[in-house]
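Take a look at the following structure, please.
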Amino acid sequence: MSLAPSAAAANPPANAVVSAAAVDWRSSPPAADYTVDELMIVALSECFVDGDQACNGMASFIPVTAFQLALRTHAPDLVWLAGAVGLDPKPDRVPASTLEAPLWRNSVMYVEQYGDFWTFALNGRWLQKFCVGAAQLDKFGNGNNSVIGADYHRPRVRLPGTAGLGDMGSIGKQLYYWNPNHNPRAIVDRVDFVSCAGWLGGGDERQALGLTGGPELVITNLCVMDFEPTSRHMRLKSLHPGISVEQVQAATGFEVLVPPGAIALTRVPTEHEVHLIRHVIDPDGMRLREFGK
Amino acid sequence: MAQVKLTSVAEAMTMVGDGDLVAIQNMATQAAPMGLVRELVRQGRRDLGVVCLVGGIPIDWLAAAGCLNRLIGAAVSMEQFGLCQRYRKAVEAQQIRVEELSETALNARLGAGARNLPFLPTRGLIGTDLIAINDNLVMLDDPFGGPPVVACRALVPDVALIHCHRADRYGNVQYEPTALWPDLGIMPKAATRVIVSAEEIVDTDVLRRNPDRTVLPGFMVDAVVEIPWGAHPTSFNPKYGYDTGLHLAWTKAARDDDATAAFLERYVTGPANQAEYLDRVGGASRMAALQRWEITT
Amino acid sequence: MSLAPSAAAANPPANAVVSAAAVDWRSSPPAADYTVDELMIVALSECFVDGDQACNGMASFIPVTAFQLALRTHAPDLVWLAGAVGLDPKPDRVPASTLEAPLWRNSVMYVEQYGDFWTFALNGRWLQKFCVGAAQLDKFGNGNNSVIGADYHRPRVRLPGTAGLGDMGSIGKQLYYWNPNHNPRAIVDRVDFVSCAGWLGGGDERQALGLTGGPELVITNLCVMDFEPTSRHMRLKSLHPGISVEQVQAATGFEVLVPPGAIALTRVPTEHEVHLIRHVIDPDGMRLREFGK
Amino acid sequence: MAQVKLTSVAEAMTMVGDGDLVAIQNMATQAAPMGLVRELVRQGRRDLGVVCLVGGIPIDWLAAAGCLNRLIGAAVSMEQFGLCQRYRKAVEAQQIRVEELSETALNARLGAGARNLPFLPTRGLIGTDLIAINDNLVMLDDPFGGPPVVACRALVPDVALIHCHRADRYGNVQYEPTALWPDLGIMPKAATRVIVSAEEIVDTDVLRRNPDRTVLPGFMVDAVVEIPWGAHPTSFNPKYGYDTGLHLAWTKAARDDDATAAFLERYVTGPANQAEYLDRVGGASRMAALQRWEITT
């Protein structure tokens, strides 16, 4: 038995791997052959920074690839809770499911869901950003995964259900919507049913209910949109290279706000980012499943 | 130390009656008590309600077999294998009524049921349309003058169906280290009866080696049955992965009424026992592949 | 890999040990040399039967010895949650603490307290009997472990605090009080402060608050008492051999109800029970600590 | 994966300010973060509040050193070593104000604090005198028409002090299989800051071997320090038992003001670090005896 300090306490090591990755990321030139999945992943990745905790749910290839990209580039201290279960996992590669055990291989902690995960999520200090995939999303950032049709009890289409979105929209999270198939049936004037609270009816309606947080960005295969701070109406933030304002409008079920002046272009992935996505993080191309491939 | 709860699957499932509200462990493609669910279908239960967190293929099989008339849950999805089409059609035909809850609201309803409290509060769901359509949720002012909460009425399922890695004959239930979802963490504690299938029945002394892995005490459990590979075709980490092939075969069959009936006959009602079922889904060689988490179509 | 049933499932064995113990227990004659600690343990032991779940808290040598005696005699299927932590433990002997790990050696389950133990206790189907040691106990079975004195905020004596008693008294449990030092300062007319709800002011007052369960028995070093069903006033049930009604009255802070006719005698431990207590369950005599020894 | 939280005990305890409400892990003679508590006394903190489930010797040392003016908890007791006499005298002299809660009420207050809910309900305490004297408890009708509950107001301690078996430098905290009390299960999650002492700081890869034993994620933890035998003289199962001799020496000293001062000087404020403290309480040979759970007076 020893009364002396352990080696791990005495010798905090430099984190050499992280430093090397950071250098590569900063100096790498824009990629010539990136694809839109990679562009969306890079855009989402930029939203997650050191000090954040990120988690993901089902069928979330773009978020889990984005988190791993952030960890390998600008946000080495990002905390990732894979599948809302595995803390800081080391998966071999993005697997065929983002809610099965291969994603959270080699975790530091298995977070029990009922008591622990939801305590962390409700607390308000952790997991303050959440990525949302919704079947319907409206101009005020409300999400719908419940029903299509006017009557909840007589749905035209039964969607999967709100799962954790019905919580995440109401408990102060910054919401990041992603949609790889920007079309007027998915991005609509008003959702048929609010199963994830966004800016509700716009303006200060969300705030009046005592809710903090709210929708921040919408990242699609055409553009990035945010919400105008007063009206809380969806607004074009940047166009993906090669996409026009008209294409965005035609693919949207309402008139998107367009800020005056030149519209920014979404940043193109660097060669290093493309390399990481294609060859290190998701060599099997699971992210393409979100595009129906 | 306690009463013997070990029995056969056929005997155990007679504890479920027509009309019962049945809580089923299952997270999309994970950890469903499929051996128990298939027996429910074989025994022809009707008018069942289901409580699930995120229900997958067991919900679709029960819907396809006409066993269900209501569901309380947060979602129904087979993730990469898509929506549960037979369930969806039955809901759209108004044959199944859905009480859709967020995860914290479902947890609160079950937590209140488990603790004999009339309700538990959440701050989820505020602002959504899910409160107004549900008599089991109501806004409640904070008696201390803080923000209001959503009071979630206690939910007590008639029976919970659980699958585990090992159990003893007294119903002490052990789980290997892996994800621990609320459908194991709270659902069985809320239910009036608990029926457990185990990959393996072991002597109690085996459980004593890892008392931290025992998740349900025998006194909570009404019946325990041994069903090796009892979660197939869902995954049961760390022992085995989900069966991609059988999920795909089901999603294909589910498009068509005749193919659905043939599938149910071949895989659900036809096999007389777990051994026959395992033969029909590929036997020992396929189980070995799933044990290696191979994605086999 | 095997698809066949396991040996444990195929061959449920007869429980030979339990049967042998049951035979000894039934045929053993009354002990000539029992002591009062053993008498109290036997009396408490009789309250716990097959189908019950029992748990214990701190400094509970008499309850933990009684549970183990019941398990080895009339109640082999009793479930014991040692220290409200360890399910069905196999301690070597009663240790110096009833809330430290040696008591729950070799358990089947470690019950997590916050979520699991209190869920089991609150549920209403399990752990329906609870043994209470209280600094003050009154004629209606209310317990006090909080303060002596008229003003909670200016106590004459600060007691340890209610701990779990403030719950167990209110959530439908049958309460079994034990006190190895029956005296008029401990068993009083009215407790200074109710920190464990008994029959409250007597009569149907408890029921009117919607509370089920309530105090069942009081087992002291002089006698066993119950509560008269209408008034809920403490009542003599049996005298320990050699103790008179007058001795009980003199040791009690109010007039104990005495039923008409001959007063029963508390059953004397058998030789087998004394053997189990002295030589198998508690060979170190930890139970005598409750008597200041 | 996260920020480095490893620091010295002296630096860590500067995160606790005079007047703070400090949640302290401790169940009678078990599992108290004694190395952190002694540093609080050495640094001369004043007007502290304590939150504890069942506080033992750390409460008595803090009371004896004049650090406390309030306590929120279910009980204060050293079990076989009796009541905490210095704490008791301070309460009777009205120097420490006590908010006494049942275990479910304390759990509800902390649970609400952890989950950012204004309150959580319990059905404990009904009928006792503990409700009327406490502004943080109020009877509340069930909005669904069932029985009333006791609403327990959210409690957010300023800081929680925790001891664990091992941690990494990022503050990921692991616990060996043993009793898991609410002061670890919920208390640190409610607190604004969390300071952890660990028997051993290990590489993160060591934690990955048993992810089911990690009880607090690093992102919840503000500082982690290595203090071997850091729970002494309380027990820290399975590594070591409580120190009967030091508990008895304390209960004897606590009867007398001078003896109390001498005891605090010798064991609490005097030793400059954990190594000196361990020397004074018997060094390696005594720790070896405690490791064997020997009862050594």
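Observations on the model:
As written, the chain order gives the labels A, B, C and D, with residue 1 at the start of each chain.
Operating definition for what follows: contacts are C-beta pairs under 8 Å (C-beta built on N, C-alpha and C of every residue); 3 or more make two chains touch, one makes a residue touch a chain.
Everything quoted here is computed from the prediction, not taken from an experiment.
Touch-path distance (fewest steps) from subunit B to subunit D is 1. Two chain pairs are in question, C-D and B-C; the one with more C-beta pairs in contact is C-D.
Centre-to-centre, using mean CA coordinates, subunit C is 29 Å away from subunit D. Subunit A and subunit C have centres, each the mean of its CA atoms, that are 56 Å apart. The centroid of the Cα atoms in subunit A and the matching centroid in subunit D are 39 Å apart. Across the assembly, subunit C contributes 86, 110, 114-115, 118, 122, 171 as residues in contact with two or more other chains. The set of subunit D residues touching two or more other chains comprises 111, 115-117, 122-123, 147, 177, 185-186, 211-212. Contacts between chains leave no pair untouched here, as each chain touches all the others. Only residues 1-3, 5-6, 8-9, 12, 50-51, 53, 71, 76-81, 86-88, 90, 106-111, 115-116, 118-120, 122-124, 126, 171 of subunit C touch subunit B when the two sit together in their complex. Those residues of subunit A that touch subunit B in the complex are listed here as 58-59, 83, 85-86, 96-102, 104, 110, 112-115, 118, 122, 145-146, 152-171, 193-197, 200, 206, 209-211, 289.
Those residues of subunit D that touch subunit B in the complex are listed here as 115-123, 136, 138, 140, 142-144, 146-147, 149, 151, 153-154, 177, 210-213.
Within the complex formed with subunit A, the residues of subunit D that make contact are 1-4, 6, 111, 114-117, 168-169, 172, 185-186, 189, 200-204, 206-208, 211-212, 214, 217-220, 226, 228-229, 275, 278, 283-284, 287-288, 291.
On the subunit A side of its complex with subunit C, the touching residues are 114-115.
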